[in-house]
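Sending over a structure as C-alpha cells; questions will come in a sec.
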Amino acid sequence: MNAISCKLQVLAQETLAPDIRRLVVQWQDPRHEPHAGQFYMLRAWAPEATPILSRPISVHDFDNQSGALTFLYQVKGEGTQKLAALQPGQTLTVTGPCGNGFDAVALAGQYKKIAVVGGGIGTAPLLLLCKQLCRAGVRPDLYVGFRDEPYGMEAFVPWCHTIHLATDSGAHGHHGLVTDLLDAANYDVVLTCGPMVMMRGVAKLCAAAGTPCLASLEKKMACGLGACLGCTCHTKVGPRTVCKDGPVFQAEEVFD
Amino acid sequence: MNAISCKLQVLAQETLAPDIRRLVVQWQDPRHEPHAGQFYMLRAWAPEATPILSRPISVHDFDNQSGALTFLYQVKGEGTQKLAALQPGQTLTVTGPCGNGFDAVALAGQYKKIAVVGGGIGTAPLLLLCKQLCRAGVRPDLYVGFRDEPYGMEAFVPWCHTIHLATDSGAHGHHGLVTDLLDAANYDVVLTCGPMVMMRGVAKLCAAAGTPCLASLEKKMACGLGACLGCTCHTKVGPRTVCKDGPVFQAEEVFD
Amino acid sequence: MADLHVDFLGKRLAGPVIAASGTFGFGPEYADIEDLRVLGGISGKGLTLHGQPGNEGERLYETPSGLMNSIGLQNPGVQHFIDHELPAMRRCGTTVWANLGGHTIEENVEGVEKLCAAGIDVLELNISCPNVKQGGLAFGIRAQDASEVVGAVRKVCTVPLVVKLSPQAESIPEMCKAVEAAGADGISLCNTFQACAIDLEKRRPVFNNTFAGLSGPAVRPIALRMVWQAVGAVSIPVVGLGGILTGRDALEFIMAGAAAVQVGTANFLDPQACVRITREIGQWMDAHGVKTLDEIRGCARN
Amino acid sequence: MADLHVDFLGKRLAGPVIAASGTFGFGPEYADIEDLRVLGGISGKGLTLHGQPGNEGERLYETPSGLMNSIGLQNPGVQHFIDHELPAMRRCGTTVWANLGGHTIEENVEGVEKLCAAGIDVLELNISCPNVKQGGLAFGIRAQDASEVVGAVRKVCTVPLVVKLSPQAESIPEMCKAVEAAGADGISLCNTFQACAIDLEKRRPVFNNTFAGLSGPAVRPIALRMVWQAVGAVSIPVVGLGGILTGRDALEFIMAGAAAVQVGTANFLDPQACVRITREIGQWMDAHGVKTLDEIRGCARN
C-alpha cells in the first residue's frame, strides 16, 4: 500500500465550474490501489520546471475495474493551472497513493449512522468515501456547503442516504453554513473535509454531542511521503505528518 | 535608430527544414525600422520563465511597407524551441533593432563588385543585405555553404547577380567549402556571416587579396544594448560590444 | 557499462549518489519508489540527542528554482531512532549515514557514542545547528567553534566521521582546514543557505524564525563553488551537494573533485531522482568512454 | 496615486527603483526603451581609475533562475567616463550613481576625488573588487579591510557615499557596522554571489577565472536575508538588491527595511523592468491604501 511514482495518461478533463476541473487518468498498478481519503502528488511539468513542488490532490473517484482514477480540483495558482492545461493523451507524473485515508470498511463495521460533511472543494475526497461506505453497508448522510453554486453533486446521489445543501449566498439549499444543518447527536461518527473554519465548527458540534469525528487536513507538502516533515501538524499526541500519518485525523487530536 | 522593447504579434511561422523555421511578425514602430545585419532579442516566454536570457536573432527580411519582419532561425536549445512553438496570433516580446548592421547604401556607393558569403544559418541576415544592396544599385554575388541541404535560397534569387553553392556532403553544388569558390581578388568588398571557421577563411582570402571584408559575429548576449558588456570581442582596436558596436566588424580587426 | 562504485573511507558505495539528510526520511519511505540498492547511501533525517518537535508556522516556501524550509530539526531523538527507525534503514540495502546535530558539544558527543554503538556506517555531523552556549550562533560559522565540536566528537566516533558544513561559514577554505585538523574523515557541503521571504499581505516574514534554509537548483552554482574550494583546501574526501537535479549536475561536482554527491530537494521534484541521476551519470560515462569515476574525479581542476 | 518618492541622503529620488551597476550601461542605452525619469537613479557600469578591458573567455552563463557573469570590470576608466559618458548620463533625468571599484586604496581615493569633482549625485563604492595588496582578496570579505578603504575614501568623498557589499563578507552584520563606523553614508547589498560552473565536454570550468558572479531571481531569498541583517545592524540607509524582478519582490525588500532597491539582472529579462517594477509597487500601494513608502518601510520587522 506504499506510494509509487510513475507517469500516467490523461483520459479526460472536464470543466464543472469556471475554476473547477475533473481530471481522469489511467491508473496502472493493481498492487497499489488508492482508497478513499488518500491523495496523489501531481506534476504535469518537468522536474526542472516551475512550480518546484508537485501538488497534492485527493482521489475523487477510483474504478478498480478499469483503473480510471479521478481528481476534482480547483484552479488556484500556477500548479493547478498547469494541471488544467492537460489534454487527453498527455501524461503527467504522479506519486501515490499517499496518506492514511479513511478506512471505509472499518468505519461501516463500527458505526451505523454516518454523516459526511464537506465544504467547497473539500468535497473532492468525499465521493469515493461515500461510495466505499455505501458498498461496505452504510449509506451516509451527506452535508455540503458551497459559496454559491454547488458542483459535482450528481455523482453523490446514488451513494448517499440524504443530501443536505447549504450555500453562503442562499442561491441553493439552506442560506447559511453547513454546520447549521448538522445535528451531530444523530450520528455515530462524522467524517469531514473542507475549510479549516468549517471543520473546526463540525469538530465542536461533535465534541459537544460526544460523537467521534474524523477530519481530513491540508498542509503545504514537499514529498507527500513522510520524508521531509514539511507538513507536520502539531497534534495533541505529538507532531504528525499530514501526508503520511494523515491527512485523516481524529478531530479531537487536532482541534481544541 | 535606438532599440525599443515591445510586444509583437506573430503573423506566420513556417518550417523550411527539420530544424529551420521562418517566423514572421508584425513590426509596428516606423520610427525604429531595422536594416540589414541588425538583430532583435526575442523572448516568447515570461520574464520569470526559462531560459533566463532572451535570444538574439538577425533580421532575415523586413518589408517597410507592411511592417512584416522576418526571422530565419535554427532550433538548437530551449530558447529556440520556445520560439518554434509560437503560433500565428500569439505574441512575443522583442528588443531591437540592435547593433550596427551593414550600411547597404554606403557600401553600394563605395564598392561596385560585392561578394556576400554565408554559411548555414549564417545566411539568415544576408537576405535583407542582398536586397538592400540591390536596391542601392549593386547586385551582389552570393556564395553559400551548407552541410547537406540548402534552405531559403529561392528568396535570394531576385537580388543576387550569381549564386554559388557548396555543400560539405556534395549533395548540392560544389562538394567542399564555400571558400573554395571565392576569389576575393574579383571583388571590391566581401561581406560575410557564418561559422567562425568559415569567416576566418574568408577573412584570410580577403587579406591575401587586399580586399576589404566585413564579418558579422556572434556572442552570447544578455542585454543586446551595449549595457552589460557580456558580448565583448577583443578586437585589435580594443574591446568592442558585438551587440552594439557590432555585430558587423572589419574582418582585419577581429581575425588574425 | 561504466563502473559507478565509490570507495569511500573504507566503505564500498554502490554508486556516487547519496540521499541527503532531511529529504529522504530514513529510507523506507522511498522503498517502493526506487531501488535503493543502487544508491551510495542514505543520510537519515537530522537527529538531536533528545529529539524535538520542530518549528511552528510555515515550514515550506517556494522560490525561483529553490525551496525554503524551516523544519526546525523535527526528529524522534537518537534512542527512538536506534530502536525504531535504524532497523528498517539498515534493510534498505545501502550504507546508513546517521545525521546528527546537537545544540551543545556534550549532546553531540553523547549522540555519537550511542549511534556508533548501535551500528551505523557513517556519522554525518551537521554543524549548522545553533550552539546554545554561543548564544545560538551555529557551530558551523567560525572555524574555532567547529574545531571544538569536531575534536570532541572525533574522540568517541568509531565510524567514519563526515562533517557537514554550512554555507554561512565565514570562510569555506578555513573551515575545511579546521575540521580536517580536528579529525574529520570527510566533509560534506553544503547545507541550506540562510534566506528570507516576506509575506506582503501579512507584512511579516513567511517563517516564524524570520530566516529559513534555501536549497534546490537555485543554489547549485554557489554550492559547486564551495565544493571546489573545499576540495582545494583539504586532502580528506569531500561529498558535494546543493541543487543537484541531473546526472550532468552531479558530474560537475565530481569533476570539481567531489568523492560522491548527495541529492536533496530533487527528491521532491522527482521521487526517483537518486536512481535517475545515478543512471544519467552512467549514461554520460558510457557515451564518453569513461569507465570509472576515478578517471574524471577532479579533472576540471587541471 | 501612491507617492513613490524616496528621500535619500539629501537627494529626492523620483522612485524607489535604481538601475544596478553593470546591467544598465551608463543609462542612455535604455533611453528609448523606458522613461528613465521615473527611476530613483542609475548606477553606472563599475569604473576603475585607469579602465580595463575585462576578462577573456566566457562572460555569461545561464543557471536555474540565475545568471553567472565574468565581465571582469571592463570599463573605460574614470577620466574617459567623466569626459564621454557622464554628460549623457546626466541628461537621463535621474540621479547619477558612479560605481567605483579600485584595486588599491590609493586608486579608489584618486577615483573618488575625480568623480566628485566632475559632479555626480552618489558615489557607490564597490568593495567586491580584489585588493591587489592583500593577494587578491576582495576588500569586501573582512571587515577590517573594508574599514580601511571606506575610511580613506570617506575623507575625500564630497557626495553621499554608499558602500556596496559583497555577499562573500565573512559576516554581514559585522561588515555593515564596520563600514558605517568608517564613514559610509549608506550601504547597498548585495553584489553577485561567487559561484562556479563546469563545462562537461571540455572538462574545465566554464569561466577562465574558475569562479564568476551569480545574480538573478535564484539569489533573491539570500539577498533579502542579508538586507534584513544589514538594516538591523546599522542606522544608515540600506539599498537592497539581488534578484528583484517584480514589484512584489521589491516590496519584500522595502518591508525588510530597505530605503530603496536596485534592479540588475531583471533588465535583461525585461528591458522595461525598472519602470514596470516601479509601476507595480505603486499599484500594490494603491490597492492596499498605502500612500507613501515610509508607511511600510521596515514594517515586517515589528
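Labels for the chains are A, B, C and D, by order of writing; each one numbers its residues from 1.
Operating definition for what follows: a contact is a pair of C-beta atoms (placed from the backbone, for glycine too) under 8 Å apart; a residue touches a chain by one contact, two chains touch by 3 or more.
This one's a predicted model, so the numbers in the text were calculated from it and none came from an experiment.
Chains that count as touching both subunit A and subunit C, per the definition above, do not exist in this structure.
On a Cα centroid basis, the chain most remote from subunit C in this structure is B. Centre-to-centre separation of subunit A and subunit B, using mean CA positions: 57 Å. Each chain gets a centre from the mean of its Cα atoms; for subunit B and subunit C, those two points are 49 Å apart.
For this pair, subunit B with subunit D, the centres built from the Cα atoms lie 35 Å apart. Within subunit A, residues 48, 50 each touch two or more of the remaining chains.
Residues of subunit D in contact with two or more other chains: 63-66, 216-217. Across the interface of their complex, subunit B is touched by residues 22-25, 29-34, 45, 53-54, 56, 58-60, 62-67, 69, 71, 74, 216-217, 245-246, 265-273 of subunit D. On subunit B, the positions that touch subunit D within their shared complex are 2-5, 32, 41, 43, 47-48, 50-54, 93, 95, 220-223, 225-232, 234, 238-239, 244. If you check the complex, the residues on subunit C that touch subunit D are 63-66, 68, 141, 170-171, 193-198, 200, 203-205, 210-211, 214, 216-222, 224-225, 228, 243, 248, 251-252, 255-256, 284, 296, 299-300.
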